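Shared chain: chain A. Partners: chain B in the first complex, chain C in the second.
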Partner chain A sequence: MKEQLATFRSQLEEFARKHRNDIRKNPAFRSQFHEMCAKVGVDPLASNKGLWAELLGIGDFYYELGVQIVEICLATRPHNGGLINLQELCNLLRQKRKHDREAVSEDDCLRAISKLKVMGSGFEVITAGKKKLVRSVPTELKKDHNEILELAQAQGFVAVDEVERRLSWTLGRAIDALDTLLDEGLAMIDDGHEDGKRRYWFPCVSSISSVGADS
Partner chain B sequence: MQKLGDFKLPQFFNYPPYFTLQPVRETREKQVQLWKELILEYCRTQKIFVIGLEEEFPLFSNPEIERSLSHEAREAFVSALVSDGRAEWLDKGHRKCLILWHRIQDWAEIIINFVKENGLEDSVMTVEEIRSGIESRGTELHGLDRIILMRALKLLEHKGKLAIFKGTTADDEGVKFSI
Partner chain C sequence: MAATTTKAKFFRQADLTSSGRPVLLPSEVECQLLTSVDLEPEEDRSHLFSALKSGVLILTTHRLIWLPPSASATAAYAIPLAAISHIFSPKKSIKSMFHSPRIRFQVLTDTDGQVFDLGSSSGSSSVVVTAVIRGKGDSDGFLGKFSECWKGREWETAVSSDSNRGSGSSTGGGLYGSDGAVRMVGVAGILRKEQEMWESTDKSLQEAFQDLNALMSKAKEMVMLAEKMRQKLLSGTNTSAANDEEMGSKEEMQDWLLSVGIISPVTKETAGALYHQQLSRQLADFIRIPLEKAGGMINLIDVYCLFNRARGTELISPEDLLQACSLWEKFDVPVMLRKFDSGVMVIQNKSHSDEEVFARIIALVSKPEALRNGISASDAARTLEIAPAMAKEHLLTAESKGLLCRDISPDGFRFYINLFPEIDPSDVYLIKDYGIYSTWIKAISTCHGAEVSRTS
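On to the complex of A and B.
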């Protein structure tokens, strides 16, 4: 078994050498390559000095992505409270790297973030409904908050009565959760709608978070 | 991107909660900052010198998202500009405000440069000439609000760079430069 794995690893190296360019230029190919590596217990990102990094230079690639992700998260934090939609993050990342010919996928973002996580930077990916959100401030989001974020994805905002009704919560529970999200800077109130009902907007689930990104 | 004439509006202008004063301090600070920048930039590009809080002003409402700023919000944003030295109330009731996208001392500097460029170092001009004469055409001084111009001139007078004297009628005060 050990021997078999060793053979497989050397074949993987051979493969990596041969397809070096594809791995670097093609995000889908890169993602598949990562999967193959995981299967044989090789982490090409584990060290920047190892054979893999030398072979592919992908350690540098993810390191650079990581730095850019941190920059974007910091720049958009005043607006979104430190929680950003992965898709949005990826778009901003592509804008930032538009001079670079290498394409970046969401999978690449996630890998770069997991590398950041190792450094103890407090970056984390959470799932709310269908969306993945990247958190760059160490707020502890409880299940209730997560459910509200999920609900807000439909329109970008929720109203108190909607939270009560859709999640079958008491008024108190809904208000508590919404107040916490406000305090954390993850929500903003909107009293301007003609129906007179206060709306709670969540910049992290709308694409508006590019506000301030270039300032 | 939404536009007002040739002015490109920032994205936050289309996000409804920015039209409601935010209760949480940090969120509000960011909100106030964005509005301050927008008001100054808009006034600078459109050459607007005075804003009336109770009057129609294109930035105070966004029909596209059906939101407009409450009086309280307008006053909060403009007051923040006042504390930055970028605006001054014209009345005690805080209804009209002078917007200083250049501070008074910057306007004074612009006047000095204008005088030097035109070789007017020891000439006499009327206040009206400075803001609408041939020499100022194409410069930032052209069309400058009279109140701001007078404030800048008084600052320069205080520094001994010029003397203001009364003309025959109230609206043709003269200026004798001595730069």
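On to the complex of A and C.
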């Protein structure tokens, strides 16, 4: 058993010597590397003590990324209630890491977030329509809520009658879902429109990048 | 007949020797060839040339030459590499696995449909040509060589010596400036720049992928070995023997599994990998002060950030953290990991007692102000001096114990003291003189009383 490990270790060392930089610099190669590891059944990010992390040095990259993602989610939470667009998260991340040499892809963010999941604070990636949203609060988002978020992507807001019409829901169901989203801080009310109809805005699905300016 | 004229119009003529080999230009060197290759124009440009079928494609340092399959051919067709503005990287898809490999590249043409050449006017339009490789040759290798030769720009050494003699102005708006260097102009220039960037990464990547494949097959062996080990571990825990020797080797196995990237479950008998044991103690020491500052309870994710930021390098993974915390129950440390119903995990002081917190919450919620308006999570947070998220967890737990009632209104989520236990089901209107029920009535009637006196 020990010899096997020694052989493997030297093979990994050789690989690391030649391609350590490729993994760091090239997000596409990095993502391919992860896919292959998953197929084989190893998790290179499982522990920073593992051979993978030790020799390839990718552990620190992802754990650091995790910390930065948590910080960004925390900073934007007052604005979007704990649900942030993945693209916006990546943009803010890149701004934060302007001085680092390594490029960060969306795939990297997704991997870092999947690692954060085990800590139980509700970190998860949700798909609403075409966009991916990152949740950082333990709010239960049910299917109804997801459908409203999808609907909101068109203009950034929805109105109750729109929800009723487009999703064929009853008034009660629509109001219930919208109110829950409101309670959790994911939606904001706008009653100032001329036609008097109440609009529910969702900061997380509209691309507001002004948040970056504040942080 | 029309077909031949179209072909002749698009391609450049390539002369052949009497034995059917192409006549090479000065300093032109053959690099590679592929058999059974078709050259096809893109779909809507088939008027430029009809597809060439099943010929031999020869790559040289200066041109791509296509030889017709018939032995008696006297001429061949060529595309100067100089006329190629872009080579597309191969699309790998499920479909492509079943089809013959294809190499696609973009060729500049001038106004009368002929392949662009240095002497003529600049390329006014372009067409994408696909080489379909039906033969058995190494298409990936060919593509690599193709890109190399195209980038190598051997034909320019002749050009530059010519144009150096000329004046500063170049011929029309050609691709080449007067010093023979490629001008990065227009879309073609941008595409070329991008291509060059991809080329430099592409080559080393090809090697990297090969190495990766080799590594992964070795890793697979390791995983299978590790699985056997894991089975041994699991079956080993069923035996009651727990002498030191066995523990030692179990630890070794855990370490071994860990280094390959497999986290083994922490069973009751084993103490987990040595790494996690040490980390666990280190964490318990580290967390003492932040825990005090935070009022006795910290969210696990916050601990992850705090600890890693303090470490700087050699960070720990979320799983490392979880493993380390779960080991605490084996050691005598004053901290513990706790999981709430909502899934939120926290680290709290063992001395932190829920009863004490509930007592403080009840005291808070029994004040007259709170009897009237209830308390929110932030109110509780302020009084208990803990984070609002933690306060919310406490309030929810208190509610599940029957101490509080929630009230959800447009004002938000608020909690009130639970008065239902005070109401005697057999005599609903009875209010004892003492107790929280009467206090509550007094509290709310004062404010109602005030209103009544105003209106009357």
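Keep in mind that, in the parts below, the second predicted complex is superposed on the first by the 191 of 215 C-alpha atoms of A that agree within 3 Å, B and C clash if a C-alpha of one lies under 4 Å from a C-alpha of the other, contacts with A are read in each partner's own complex, and residues count from 1 in each chain.
Operating definition for what follows: a residue touches a chain if its C-beta (ideal position, glycine included) is under 8 Å from a C-beta of that chain, and two chains touch if they have at least 3 such contacts.
Everything numeric in this text was worked out from a predicted model, so none of it was measured.
By the document's definition of touching, of the two partners only chain C reaches A:18; chain B does not.
Within the superposed three-chain model, A:79 lies in touch with chain B and out of touch with chain C [touch as defined at top].
Touch criterion not met for A:10: it reaches neither chain B nor chain C. When both complexes are overlaid on chain A, the residue A:29 reaches chain C alone and has no touch with chain B. Once chain A of one complex is fitted onto chain A of the other, the partner contacts of A:138 are limited to chain C, with no touch recorded for chain B. By the document's definition of touching, of the two partners only chain B reaches A:201; chain C does not. Of the two partner chains, chain B is the only one that A:193 touches; chain C does not reach it. Legend: residue contacts after superposition of the two complexes on their common chain; A:183 is shown touching both chain B and chain C. The partner of chain A that touches more of its residues, comparing chain B with chain C, is C. With both structures placed on the common chain, the touch criterion links A:67 to chain C but leaves chain B unconnected.
Once the two complexes are overlaid on chain A, the chain A residues touched by chain B in the first and by chain C in the second are 183. Chain A contributes residues 1, 4-5, 7-8, 11-12, 15, 18-19, 22, 26, 29, 32-33, 36-37, 39-54, 59-60, 62-64, 66-67, 70-71, 115-123, 138, 183 to its touches with chain C in the complex. Contact residues on chain B toward chain A in their complex (touch as defined above): 10-12, 14-20, 22-24, 26-27, 30-31, 34, 66-68. Interface of chain A with chain B (complex): residues 78-79, 81, 157, 182-183, 185, 188-194, 199, 201, 203, 206, 208, 210-212. Looking at the complex, you find that chain C touches chain A at residues 201, 204-205, 207-209, 211-216, 218-223, 225, 229, 256, 258-263, 273, 275, 299-301, 304-305, 308-309, 313-323, 339, 342-345, 408, 412-413.
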